[in-house]
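Presented sequentially are two complexes of subunit A, the first with subunit B as partner and the second with subunit C.
Right after this comes the complex of A and B.
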């Protein structure tokens, strides 16, 4: 088995910058099921990020690198590969941000940690305030998990109104490109020979 | 009023795709704004907008500031999006806390098939009784339903149609309960205003009755009555503030909030909606029939009107109550109904963007129907701009279907299904209004329209 890790990528020529992908990502990763905006008691925390400049509009997300620098850099082994997905075990994450430094795409973010819709606190770490020591909010590393276990595959791909996102399977990608190249050669040969 | 938060808008123009009047202004990729003169406040842009305020974006104003700008309750936890309507929940909270105010509330048909969604129940859950209970916990003095005045609208509008058909009035007649449609006609086809039924919308009929008949029934000073309306609609507040809507001698409807804002108020008060036991609406202005409740779905006004018109004209019971031929989805539908000797031709338009070709036919004199229902939102009020906003595009469609199904389920289960059989409708005509299209009705329940064509 030598399958390369699949990943999601956006087409900047199709993307309109609506952020439906971000919302859909947050919805499927919410730990309490949500259908309407009013049901949400937590912020929208996506795992892909819209880049919008004068030159380019598209969301960026994890490439599920073969030699994942985030996993290599993680001092507590919280990042592993599961079924072709580079996966963060948020319970194990200590929030050191080394993975953020290591990721060449900015696909990793430190986000507030929620469980059952409630903000999770650090176990012991407190901050001194006027009213005495207060437990600090927990933050954990968060990145695309290609919607592991989600029916219908990645939610960003399924919900994009412009079909600007797709799952790339690298082995198929090469074969498709090879075929396209071969057909192009055939075309040009035809033109030369007539 | 509908606004687009310049800090949050990415300029994707998904809102422009659903706007029926091309009121969204701006270059692609740049923050958009709303042409308030053109805007009919349907709020479909609010429903579709997906550009949210991110906690990861440090360059935007704090959440507290945004909540204040939108006049939302500070306790609201839900995410905020670029397109929004100015809220009124703070005013309602204030009125409920004022011991000098006698606060009456009306809730529109479509609210009862959607509000439960905001409390985690399945899309389209039918919850009229729980909503009545929640409104009582919130402290409203009278819990009334717009479905009652929907029944009353049928009595008035049905008789108006019969009169126009038999006595040679302006035809085809158009329904007038959707305020966005009325504003559209006033600004885009003012020459067709005589076609609009002179009936006020059910909301405004209720407003006029709260501070007259309602105050009399409860023996309270009309000046102390504060009239609150809960609507699936972001345009109803505009309608309530039209200068002519003071038939009771006071502002008929003091404040309008949306379904979403009612959910905010319920959460703000710490009421556990899902655990509430069902309660009844107050009488007399809260008793309604199935005909009144189907106003929330496209074709509902038409169906309710036909159920009554048939029986008034033929003096016989209508053979079939479920008039499937006027029900449906987005677009234009035509039907012909045999009512005694009269072959009544009707047209139902769902989604304001589909109406212009039909109006051109009316202008050209080639429109072949007597009566047209128009609803601005895609499948009627159940899909209104003030309804719970689905997070995913596919759930927006599922919600519409489920809310429509619940509306007809409710209709099927109610004791009375024809407006003219509502005992409290019979009573109000006997005790207070006299007869449909009578003097009192004319004064309280009918209105006029204002051409508002923009200068070229």
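Right after this comes the complex of A and C.
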């Protein structure tokens, strides 16, 4: 595939910080399929993160970098390019957090791993407790997959009440900007005689 | 309610929400004491859209809310200084000749008294009270007064003060001074916090009125209801919640029936509420979950949720709409009207209602503002704004057109009074309270929804970077908040959203119940408690 990777981005001038995008993201990525958030039995684990400070309010998520630092940094090759997204194979992830260090956007997070609604344990790693050794909970890398395969496209975009999120397709973006720039030039020279 | 009743003769939103969608460059939005984007997100979004179309946006709030960030002028006034701020805005409007003289002359009374008071409040003189630079107040006043239409919106940031009624009267003064009543894209608009709290008030769930705000003290009204219900009725005003609690303490109130409310989390000074609920002889709670209050009850009656209900809701803009049952009630739950009907029957009154529609039709016979509404019309029109006196009447989206409900609009002379409890050496910060988007009220529903609770699973109190540094508190630390009434532990969000000297907590969380801390001091008229200001001490909790 030769097109650049598309990504989701928010408009900080429109976002009101309501977190509907986070809820919608968690629902669509729920390990057990659910219709609404009220049916979920696993924690709310979104793949985009609301930033809400005095200066700015907007969610931040993966940019699906072309030369993805997370993929380059992963020591077990768990992160690859697939169908126009940067994809994390959570089965292969060892939870080393190198991708977190590498990502310039903070888009990568280590999350508790669930399968069929059950908390997944590490294969061998145990923690000593009063009642003897107990298998540790597994944590794996998690990030935006642009809702690949989800009908209607990214859930965050579809559910934002303010339409503050959109999918950016880089080639389209360039063509649109070029056109806008050309029209602006046209506007500024149209009254010039010569 | 009391304030707008005095000024206009009706205590509800004067205009409608949809008018925001028609607002543009000649219109102004003034939002004071409302965190609209967080607590009324859909209305907040429409405000921001109006602003993008050119409408002027003025926001006054001690906290720099999302809405405030977008404002043309943001007034960060000290908690509890609203009257001083509003008077200062009116001072500018009066002294710069921006008042709507024609409106004042033809539509209002008592203007001179108000004017005399306002002229004591120059923006420079009250800087020390409000904390707002005089020039900003001037900008805000000019921006609002020179707009063709100006709409004011407020919520609990105005009403939940010991000066709550004064605050509302001041908002009403400002709207009348600028001629912003009885026309579209204007008005005084208290946004209700719940889908049917307007409806509950309309039905007379207040100590002093029958349905449709007909006073219990009016002999003609009493006679009308005695005839309709076939029973002798009292002509005495009932008790406010605070009176009920005092009545329990004094042994005068022995039986309490709490219906869809959770005073153990929603009332101020929860430790005192617990003491009273323990003391009352017989406590009945009707709710959809076993709330902290229901857990203390002698009898719990399981009511129905919104999805199991049939009937009507009357929303913040006085619009009555149908609600239809989506699912059958679960378990022992029964529709509230059936529980009440059976109770009334058991008490010896022949209540034989068979449907919510039958009850609605009875309402129409005694509440003139609902008289013209039928289920059929509500369905056809998608809701009707009261007053709607006849079946030919289209409803009244905008109140006070041409004439106020009480005749002339009444100005009030309002002086600023400080809040009941101010910071001192022992409790050096101000604590104010509010809500978060993911949660509703005391969390009875939303904290039982795994998903919504997952978005905001614990309390984060807001504290300014300056205060946090002074107290050795880092973002994410656990902190203890202590007031004269109680103490709670929560996480600290170190943020510029609150100014130095002010902290913020919600009342959603049982494990960090904000209302253990709040002050139960009351407004003398409306008896609304001062949830929005009390003095607090904050300390880091060592792990």
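FYI, the second predicted complex is superposed on the first by the 186 of 194 C-alpha atoms of A that agree within 3 Å, B and C clash if a C-alpha of one lies under 4 Å from a C-alpha of the other, contacts with A are read in each partner's own complex, and residues count from 1 in each chain.
Rule of thumb we're sticking to: a residue touches a chain if its C-beta (ideal position, glycine included) is under 8 Å from a C-beta of that chain, and two chains touch if they have at least 3 such contacts.
Worth saying up front: this structure is predicted, and the values here are computed from it rather than measured.
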{"item": "Clash or fit, subunit B versus subunit C on superposed subunit A", "value": "clash"}
{"item": "Per-residue touch tally on subunit A - higher for subunit B or for subunit C", "value": "B"}
{"item": "Contacts of A:3 with subunit B and subunit C, given as first, second, both or neither", "value": "neither"}
{"item": "Contacts of A:19 with subunit B and subunit C, given as first, second, both or neither", "value": "both"}
{"item": "Partner chain(s) touched by A:57 [first = subunit B, second = subunit C, both, neither]", "value": "both"}
{"item": "First (subunit B), second (subunit C), both or neither touched by A:192", "value": "neither"}
{"item": "Touching partner for A:159 - first (subunit B), second (subunit C), both, neither", "value": "first"}
{"item": "Touching partner for A:41 - first (subunit B), second (subunit C), both, neither", "value": "both"}
{"item": "Partner chain in contact with A:27 - subunit B first, subunit C second, else both or neither", "value": "both"}
{"item": "Stretch in clash, subunit C with subunit B, out of 128-136, 200-208, 236-244 or 272-280", "value": "200-208"}
{"item": "On subunit A, positions contacted by subunit B and by subunit C", "value": "16-19, 22-23, 27, 36-41, 43-44, 57, 161"}
{"item": "Subunit A residues within the subunit B interface of the complex", "value": "16-20, 22-24, 27, 33-45, 49-50, 52, 57, 109, 111-112, 155, 159, 161"}
{"item": "Complex contact set, residues of subunit A against subunit C", "value": "13-19, 22-23, 26-27, 36-41, 43-44, 53-54, 57, 161-162"}
{"item": "In the complex, subunit B residues that touch subunit A", "value": "10-14, 28-29, 50-52, 54-56, 77-79, 81, 117-120, 123, 260, 263-264, 388-395, 399"}
{"item": "Subunit A partner contacts - residues on subunit C that touch it in the complex", "value": "37-38, 41-42, 44-45, 48, 64, 66, 69-70, 437-438, 449-452, 454-456, 495-497"}
